[in-house]
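Before we start, here is the structure in question, set down as structure tokens.
In order of appearance the chains are A, B, C, D, E and F, and numbering begins at 1 in each one.
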Amino acid sequence: MLWEELSWPKHEKTVAAGATVVMPFAAIEQHGPHNPVVVDTCLSTSVCQKAVDGMENVLLTPTMWAGLSPHHMEFPGTLTLSLETYLAVIQDLVRSVARHGYKKVLLVNGHGGNVASLQAAALSLKHELGITIWMVTYFRLGNEIAEKIRHGEIGSMGHSGEFETSMMLHLRPDLVDMEAAEKQVWKRAHPLMTQDMHRGGLLNAPADFTRDTKPLGVSGDPSVATAENGEKFYEATAERLRDIIQSLASL
Amino acid sequence: MLWEELSWPKHEKTVAAGATVVMPFAAIEQHGPHNPVVVDTCLSTSVCQKAVDGMENVLLTPTMWAGLSPHHMEFPGTLTLSLETYLAVIQDLVRSVARHGYKKVLLVNGHGGNVASLQAAALSLKHELGITIWMVTYFRLGNEIAEKIRHGEIGSMGHSGEFETSMMLHLRPDLVDMEAAEKQVWKRAHPLMTQDMHRGGLLNAPADFTRDTKPLGVSGDPSVATAENGEKFYEATAERLRDIIQSLASL
Amino acid sequence: MLWEELSWPKHEKTVAAGATVVMPFAAIEQHGPHNPVVVDTCLSTSVCQKAVDGMENVLLTPTMWAGLSPHHMEFPGTLTLSLETYLAVIQDLVRSVARHGYKKVLLVNGHGGNVASLQAAALSLKHELGITIWMVTYFRLGNEIAEKIRHGEIGSMGHSGEFETSMMLHLRPDLVDMEAAEKQVWKRAHPLMTQDMHRGGLLNAPADFTRDTKPLGVSGDPSVATAENGEKFYEATAERLRDIIQSLASL
Amino acid sequence: MLWEELSWPKHEKTVAAGATVVMPFAAIEQHGPHNPVVVDTCLSTSVCQKAVDGMENVLLTPTMWAGLSPHHMEFPGTLTLSLETYLAVIQDLVRSVARHGYKKVLLVNGHGGNVASLQAAALSLKHELGITIWMVTYFRLGNEIAEKIRHGEIGSMGHSGEFETSMMLHLRPDLVDMEAAEKQVWKRAHPLMTQDMHRGGLLNAPADFTRDTKPLGVSGDPSVATAENGEKFYEATAERLRDIIQSLASL
Amino acid sequence: MLWEELSWPKHEKTVAAGATVVMPFAAIEQHGPHNPVVVDTCLSTSVCQKAVDGMENVLLTPTMWAGLSPHHMEFPGTLTLSLETYLAVIQDLVRSVARHGYKKVLLVNGHGGNVASLQAAALSLKHELGITIWMVTYFRLGNEIAEKIRHGEIGSMGHSGEFETSMMLHLRPDLVDMEAAEKQVWKRAHPLMTQDMHRGGLLNAPADFTRDTKPLGVSGDPSVATAENGEKFYEATAERLRDIIQSLASL
Amino acid sequence: MLWEELSWPKHEKTVAAGATVVMPFAAIEQHGPHNPVVVDTCLSTSVCQKAVDGMENVLLTPTMWAGLSPHHMEFPGTLTLSLETYLAVIQDLVRSVARHGYKKVLLVNGHGGNVASLQAAALSLKHELGITIWMVTYFRLGNEIAEKIRHGEIGSMGHSGEFETSMMLHLRPDLVDMEAAEKQVWKRAHPLMTQDMHRGGLLNAPADFTRDTKPLGVSGDPSVATAENGEKFYEATAERLRDIIQSLASL
């Protein structure tokens, strides 16, 4: 069920029924010359919709498309909140949900820049509100399927790389320009640093998308993306997300 | 053009072309037992899309659906930011737009609770950023057509009343339950107070949607709404909005 | 009664008696070469004092002279708070009043730049505090008398124009230099924009007092101002304000 | 000269002349059953006006009457800002003054609760703005005259005690009710604590005006106050303040 | 070198020499009945000191012992900042370091509750300041050694569990009470959740240390801790940290 | 007892026993060419440790070494929080202490720049939390001993002058370079201004440590400092501090 489509008396009933609330958080930021700025919002919304499709007693809110992207601001089209504003937005929205009596919340993230803010806010909110609140970044759920079917090497699955571009080719091929899709791989300064979205590291270096270091605004290899793989990524992440939602709902 | 569908190189071109940016702000809040909580977001997005349809050199951003609705929080399904957070969101988004070099911004509002915040932020932003920034609440542009074709009396055009319900019947009839649509009119405490959305007053009293004062969460008369009038409201407001955008674009 | 002149035991009695509290908000900002920067504070304080004169069970607080004037900062003598600070000031003061047990508050505004902030704060405060809180901008109450006796055309009644200058000539002629009073009228970019303080428009453009656009810092025609009309503006606005206060007090 | 009475072209001249700006900060808070809540605002405004009277190239701003008084909130009539808001107000006002080009600022305080906030803000502002900014609490300048002519013992000169009540008897006798003026002296918990407004201590304990500890809201002995001494306090503090202003102006 | 032991002329030289700055962030929070509240501060300080020992051109700042621990506040002795304050502290400290001209910063974390805040702040700071800023949580660097020598099963290495208690037994045995050290293992609600400090999961659930869910305030198995293993954990983490610092310094 | 060395069950007992909490606040800021930046943190920690040594039912927290030093930022090595952040840190830490049930708090300050912030926060906290909270700046307790044994004249006891340098020579002689210790005395602009740390004035001018006005970053005369006097300063201030703590504990 979509949160937005219910009237307040229907919300009153879903609260009473102990419904689980799924809240997508994404971004509008540059995704290289081959992808539109809507990638994160498009993909996380689509995956969430598929995951909750047909589930009883689960509500999906609209996607908060304004996210944290100071690291993409050198490329036009990026919209960002400040860190302080973004944390306030996350907290106010979850407070609204909790105030009405909902007790189980899953934050589903679709943007690298949001990860830490959502985790930080979740920690604070759990203890302020006394609700159960979980957080997952949907694209990390694609690690197993990616391992099996990826065309690129480790490193290909970064920002607007093989993974996201494949999914866009499946979901919104009209918005992708594969002729502009070019490989641009980031050299790690230390072996403990993150390699790509499915190979996290112990050493954290903030994402770096300046014109100097990454002139295309891309990290990874979008040139090997295919719609066929995109569909598989989409289905696999949605399925694992659905499983998480079911666990939360059954608490 | 939709902001979200462009890649960064395309944004670079629209900045260079001096494009005008239209930014819709709405809300997810209760709209009585007959309407879903998405009304404001649905209507302002639809009107904006129609208004910019086919216009050259005009960009429409996604609709910021999180708004200011403390006055609706007694009814479940309402999502609200705090006043401080909402002002920060408006400012951060416009700052992002301006940072990329866009110089003309129109804030299009679709929610009564947002009016003052958007005006306050616009005043501060204009002087901080040195851009041209206008603000209009789309439903107030329906005053002339409403005068001509309204079925209800003065007072019918309040929150989730004749105007909004008519438009929903035209745009999303599947989400409206006319059997639950009931008249609930607010008695003004002073003759200088606002009468309905098209009859603003000199004396401001904050909207009051407590369970005591308005048990349905409605102000106005949705029972006289028709899809036929809704279509006319929709077209008339979109047309006047288009005219405003053209004026701004031609500066 | 003046809030400031009572001791705390007397305040304890006025709380118990259910007194109404009138709180003036104004500004210290440039008013062109012919008027001092105190205009808004002087006029709104005077009108409020006349309005409450002799009323039982009504308290008038001191005028908060620090307001929101980023749009006048190019002209020296202007003092402004930031938007965030101003909203905090309004809220803290009303919270203080409510904490002592007062339940009815009228915010009386005398500065264009404050309108949106006061409305935004009032919305938030009403729901936080559960009190009755109304807001009115005193000079808008001069619309009827202005219609009858104005010397200038539509547009003359802007910032430091015919209306304010007339009232200053009546109340503080020693501070007005009519030789420096010059007409400076703003050309509207769109017909739906506000024309002057008594002709509000549907389309909001933040006030623009840069040295380039308005070298004098004036909007309107102060040259046609007279003390005689100023007295009538003063009496008419005070009378209507008194009527509003009586309505609030009688709730 | 009064800041508020100048037009912007006159301010332009005083900036060019290197004028010194005197800014009074006070409060509206309970002053026991014998004094009105305006005491601090009345006294600091009066002393400042006398101090600057006739001085060339010195500007006096309006008195910021909203101060920091959480410790008086158990007594009605007290208006307080939060600590965060108050610091923002001080900083925004001084920033406004500095932005126009004024380089010398004296903050004159008249309320115990404001001392630390003004000092803290002054430290931060000096280094942010690069201006010369001094701060003095006017009543501490009465230490020498008080030593000579006081009627009460050490401890009599506290909140709404001998000093302030004497000055009110001189300046606004109509607002003082000497029949309600009663001695209420605070017993220090440690010999290093402050004894009264002219005997500061090394050990700081925040002022404590709860109904339990000080049922009258008074600290000191107002019963020995006289208008005659009040006049002398008034003249002596104004004279010393004038001397400080002259030093600052001559830098 | 210790930041704190240098005078400003020596800092001037280290800036000129392009020194790397290591900044430890920890916490003072409950660590069960067998450990003191200083555990995180003690361990991260010790590991950092060992890591930088003898390194040229590397500065170690004092450990910021105030961290983010709302989730431990049910147990006395815990000191926590709010989320907003903590982010401001991190940012202000790094801004100070950068303002003096240092260009390479390593944030070393020693507390689970701080991870997200430090990552979020690092992202924002990198783009505000243009410096190189990395972040690592020291205990995660113990994953390889733990794998080899741990006595407990997966899950033993949680809050105040085998890892931290072993290190305390090595570094400050006087503060550990092994008789009170009791196993208390958390059952994961979903297989994708984190298992212990060396087995992070894809699904994030904020740490939960309420009296109900974890009456001891422990997560893991401190009863199998030994000083011998503690020494090895200490040396292994310090060595890997040293390697990271060297990489950063050699950029 | 050290707060940090207790486990939570021990804290539970000290809360029940009504323990007094001593909280040191200091800074890391430049102290001229002869002293390290740790001076304030070193001295206030040492004095506090000596003062509480052996006392029953008194807890000493770690020293908050991050303080308010915008006035020292021209000299590298200084770390400062913003005014807003610093006030938040003080408040959050005291709130944590009070939340666990402690009712008596002594803030011990060791840095001139912190005085006003700590006093301002203490005022606000006392009324928010209802606890007893005192504040003292330890070095001001050295006024009597300094009067007796000082080698320098009035003015010698300023920032990194005779007093602090003497104590450093006693406590950490390895960190002091007496060859770089040079007299640098500040000329007061008005006789009512503070003369040195033991001769406070009525007129407050924020400390001024720019390269222009004080090229060494020193105020006073460190050249006359001796370890012998340092020991006496240390013992005398610790003894008076102990006496204050005993008074608070015995309430």
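The rule is simple: a contact is a pair of C-beta atoms (placed from the backbone, for glycine too) under 8 Å apart; a residue touches a chain by one contact, two chains touch by 3 or more.
Since this is a predicted model, take the numbers as computed values, not measurements.
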Each chain counted as touching chain D and chain F at once: none
Chains in simultaneous contact with chain A and chain E: none
Gap in Å, rounded to a whole number, between the CA centres of chain B and chain A: 28
For chain C paired with chain F, centre-to-centre distance based on mean C-alpha positions, whole Å: 48
Rounded Å distance, chain B centre to chain F centre (Cα mean): 55
In chain D, residues with contacts to at least two other chains: 73, 82, 84
Graph class of chain-chain contacts, one of line, ring, star, complete, other: ring
Order around the closed ring of chains, commencing at chain A, then chain E: A, E, F, D, C, B
Complex contact set, residues of chain D against chain F: 68, 70-71, 73, 82-84, 87, 113, 115-128, 132-137, 140-141, 143, 189-190, 192, 200, 202-208, 240, 244, 247-248, 251
Interface residues, chain C side, partner chain D - complex: 3-12, 15, 28, 30-38, 41, 61-62, 64-66, 73, 75-82, 84-85, 88-89, 92-93, 96-97, 99-101, 175, 177, 180, 217
